[in-house]
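The two complexes that follow have chain A in common; it is paired with chain B in the first and with chain C in the second.
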Partner chain A sequence: MTDVAERVKSIASDVFGVPAHKIFPDSSPQTLERWDSTQHLTFVLALEETFQLQLSPEETERIRTVGDAVRLVEEKIQVTGE
Partner chain B sequence: MPIAIESYREEHQNAVRAFNQRLRAGTAEPDLVFYERCRPAWLPKLDGSPLYNEYFVAQENGAVHGAYALKYEQFFSPEHGEFAVACYHHPLSEGVIDRNYFSVGGLLLRDAVRREPRLYALGMGGYDHSLPKMLKAMGWELRSVPFYFHIVHPYRFLRQMMVLRITFLQRWMMNLAAFSGTGWAALAAWQKIKRLRVGRPLGALEAVEVEEFADWADSLWLEAKHAYHLASVRDRQTLARLYPPSQKHLTKLCVYQQGRPIGWAVIGERRKDPKYGSLRVGSIVDCWAHPANATPIIYCATLKLEANGMNLIVSNQSHEQWRRALEECGFFTAKSNFVFATSKQFSALLQKGDFGQFHVNRANGDGLPANF
Partner chain C sequence: MQLREEIDHRIAGGDAWGASRCLTELWQQESSAAVASFLVSRYEKLRGARPFTPHRLAILRSFTLEPVVPVLRAAAFVAGVDLRVHLGGFNAYPQEILDRASPLYSFAPDTVILAVQTRDLAPELWSDYADLAADAVPPAIARSVASLQSCVRRFRRHSVANLVVHTLEQPPMASLGVLDAQTDGGQSAAIRQINDGLRGICHELRGVYLLDYGLLVARHGYAHWHDESKWLTARMPISASHITHMAQEWLRFLLPLAGHTAKAVIVDLDNTLWGGVIGEDGMQGIRLGQEYPGAAYQALQRALLDLHRKGILLAVCSKNNLEDAMEVLGKHPDMLLKPEHFAAMRINWSDKIQNLREIGVELNIGIDAIAFLDDNPVERAQVRAHLPEVTVIELSGDPAKYADAVRDSPVFERLMLSEEDRQRVSFYASARARAKAEQSFASKEDFFRSLEQEAEVDTVGPATLARVAQLTQKTNQFNLTTRRYSEQQISELANRPGWRVVCLRMRDRYGDHGLVGVAIVQFAAGSSEIDTFLLSCRVIGRSVETALLSHLVETAHARGAQFMRGWFFPTRKNAPAKDFYAHHGFQQESSNSEGSLWTLDLHKAEIACPEWIKVRVLAGAKF
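Showing the complex of A and B:
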């Protein structure tokens, strides 16, 4: 697992109140009970702060699972790194 | 195609109606619906006026899945003069009935902050609701606007205040207090004592019902605005938009002391609410004066609401002098679920100013048409 994936998992664990070993790439609002609109916003804000990113509304909308968040952050970091 | 947030236009109206139907079917809240017309009935945009409403919808392939409104207005602080802010109101997301739309609530809020960084929200039913939680997550500052109530008819209050008569024990206690006379006698005596203390030194007061705010309103605004750390603009022009003569459900009072206008109040009867049973509930909705003159204004507003047959009178006021005025006029205080929240940028402007020096009440926000 990449460093980004580990850190996203850790954020998801904190925000959704679930132990990290129970967070998977396909974890979503359907599988994590506390993943509601408020916690989604908290998750997005935490990603932005941790990785020093700005996510657009379209990007925020793309995050439907923890794996989506990992992919998005990795993409953004690559773009920023170039 | 991702969800896009855009200005609410005529072409969205059918989709908003469909959105409302889904919300009605999915929740037990009849008020949980968005405006079905894109042109605001209350405070539409007019040339030159900084006070107006604007609506936005979150749409995806022609279907609306969320919406919100901004009420643009001017605030004043002695440090910054007049400046524009907006009130974030009526945010609605399909996420409340369908988890597939869980992200819409956050999208709406972030879109609003992007459009107008100086934002506030008001009311919201308390800190434990999802909107205040989201605002907190976004770094907003949240404060309760203190709530006050005055019992005009203690017997009716004890018998009909449904929110205090939920359990059998509560009902039994309230009935005992009402029928034995002890409860209402104590309440009535306490309020009268307070009122006597304030009534005598107020001198020659006259409250005149007015159709509209005249030049005296401008004078009062200019005389008093520097006495508050923050107030929404209440000059004559603004008041004419907020309280037009055509609006009959609110009463405007100009209060004179020894023949000179010293302040004004706007009062009205609240719509029926199951928690108040059949009580007639009056509200001191808005008021303005130099803080030193708060008591005579509250006193006259209270007398007028009593004369109009109200059983219970309520008000939310943030400023310490207006709160003291309410207490001096026999009001009790109770836990408030009326929250005033300011965005990061708005909070930064206020520099953690003392909320007791802000002039915030139920006339702020979006409540004037029906929820004051």
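Showing the complex of A and C:
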């Protein structure tokens, strides 16, 4: 697993209150009880804070699973040339 | 990740303070939204295993603040406060405040934060300002002020909780651009007027405080603070990287309101108050002055002086030769802090932990009221490990940031200053001079005579009410009945027929002690009874108690009483007052499981005021 994937998993674990080994790329609001719209916002803000980036409303909406978040962050980091 | 495992391991093993220490460390490494959720979940498991001060906070708001809550709770836990948070409905604050049956009041908050944005309260003064006719501006201002003021007033009527109100922020750009500043009224001026109205009501009512939101945003940079796209999509105006700053600012109010503040800061010397090591570099070699790098240390000293002015005690704890250190403190021309600014000093080669404990005892404050400032991470870690109640100020390696580390710490915030707070620092300096003088007298009486003590006896009034209540709440040692009273209760007692709430101020040749004694007495023709009799620990052992008792007995006699009676209720801490009645000729009349009742026959005995205390009785402002 990539470094980004590890860190996103750790954030998801903290924000949704689930041990890291129970977070998978297809974890979503359907599988994680605490993933509601409020926690979704907290998750997005935590991603922005950790990876020092800003996600547009469209990008925020594209995050439907933990895997989506990993791909999005990886994409953004490449674009900004980090 | 390792630290998290260690935390869970320590929690499982029942090591609550060890787990707390690791949680603090994790928070210092990364105070982010994600870590906050982790911290809160772990701290919740420590409830009961170590003390936390519970505090109930309601947040009323006009915008999304949900993501700030876990960060705030984590930061509060780190400071020892267990915050239960009730978040009001989105933009529902007026109904919640007006309706006594709303969830706000049934939550029974200790503190309420009212966070309203300009664009929600007064959209016509924000984005729609250009559409507003000139004569429509004053009514728009008046309407906003009236709406906020009525919210605050209603709240005060319905609740005794503290209220923290955000001021309204200025728009980043006025509708008219630079022209706005050239006009008489203008958009900025309009918002300033609303804030002035808000300030007025906050000063008028007890327990209402202003949070200068515009200043907070400016401190972090307007362009960085705001996230317009989150605002448009989620009504969350604060960007991800500033959520912690919002939480920290709230903490500056919540810690003093929860009583979690430092009363003293104990500082190291070498490489903390000045650059270099005095024992090696000498007076000429240490770095201290108005130019870099010495300027950084002066900036820190200035920050400490500001604390001193707020009544926070400064003390030195340094591994050094006493003469070397005192030469700098006393003679270095660029030292802003002088020996007289310090209430206690431990300059020696002994263990810092032991020194810190001794300073706590000398200053008569608990270990949990001490903050510790030291550039050496090893010393800091040691204090954290051995004295976990101490607030350790974290310093980065860069001296230029030391002053900010002190100013950023919420434990030094105060929401009000009493006269005693302002004078506190000089009490300790005069106490040291007094102790020195005491050693040079042959007898206690000679020493007492040399003090030139003057007491002033008065009845409680509006100006002294807060201090009198504070003394009943805080005094443990010389307190005969340890009855705790609020300001409301004191004022009620003072108004009962026959009752008097007497207060005593003390002054001597070394300084003014302020208001240090309280007695509450029910005078009656047959027998008068002492309900409360207490002295601040500052003046114990100087026969002040005899002077106060003498005044009470005289008054009782004048009002035709034959007996003066009073209870003594023993507690874990009031041994110094145990023999008070017996020493003054009272007879024990009866006793029960709670204490003993003592009586003095005023026809047979009187209490003489010690000749070395001059007593002045004031008429006293009645309520």
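We take it that the second predicted complex is superposed on the first by the 81 of 82 C-alpha atoms of A that agree within 3 Å, B and C clash if a C-alpha of one lies under 4 Å from a C-alpha of the other, contacts with A are read in each partner's own complex, and residues count from 1 in each chain.
Here is the rule we go by: contacts are C-beta pairs under 8 Å (C-beta built on N, C-alpha and C of every residue); 3 or more make two chains touch, one makes a residue touch a chain.
Worth saying up front: this structure is predicted, and the values here are computed from it rather than measured.
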Joint occupancy of chain A by chain B and chain C, clash or fit | clash
Which partner does A:Asp26 reach: the first (chain B), the second (chain C), both, or neither?
-> neither
Pick one for A:Thr60: touches chain B only (first), chain C only (second), both, or neither.
-> both
Touching partner for A:Gly17 - first (chain B), second (chain C), both, neither = second
Pick one for A:Thr50: touches chain B only (first), chain C only (second), both, or neither.
-> second
Thinking of the overlay built on chain A, is A:Thr42 touched by chain B (first), by chain C (second), by both, or by neither?
-> both
Of the listed chain C stretches (186-194, 366-374, 456-464 or 546-554), the one clashing with chain B is 186-194
Which parts of chain A are touched by chain B and by chain C alike?
-> 38, 41-42, 44-45, 57, 60
Where on chain A is chain B touching in the complex?
-> 29-30, 35-38, 40-42, 44-45, 57-58, 60-63
Listed in rising order, the residues of chain C that touch chain A in the complex are 1, 32-38, 41, 64, 66-67, 70, 227, 229-230, 232-234, 236, 239-241, 243
Spell out the residues on chain A that touch chain C in their complex, using ranges where they run on.
-> 10-11, 13-15, 17, 38, 41-42, 44-46, 48-50, 52, 54, 56-57, 60
Which chain B residues qualify as touching chain A in the complex?
-> 2-5, 93, 95, 99, 102-107, 109-111, 130, 133-134, 137-138
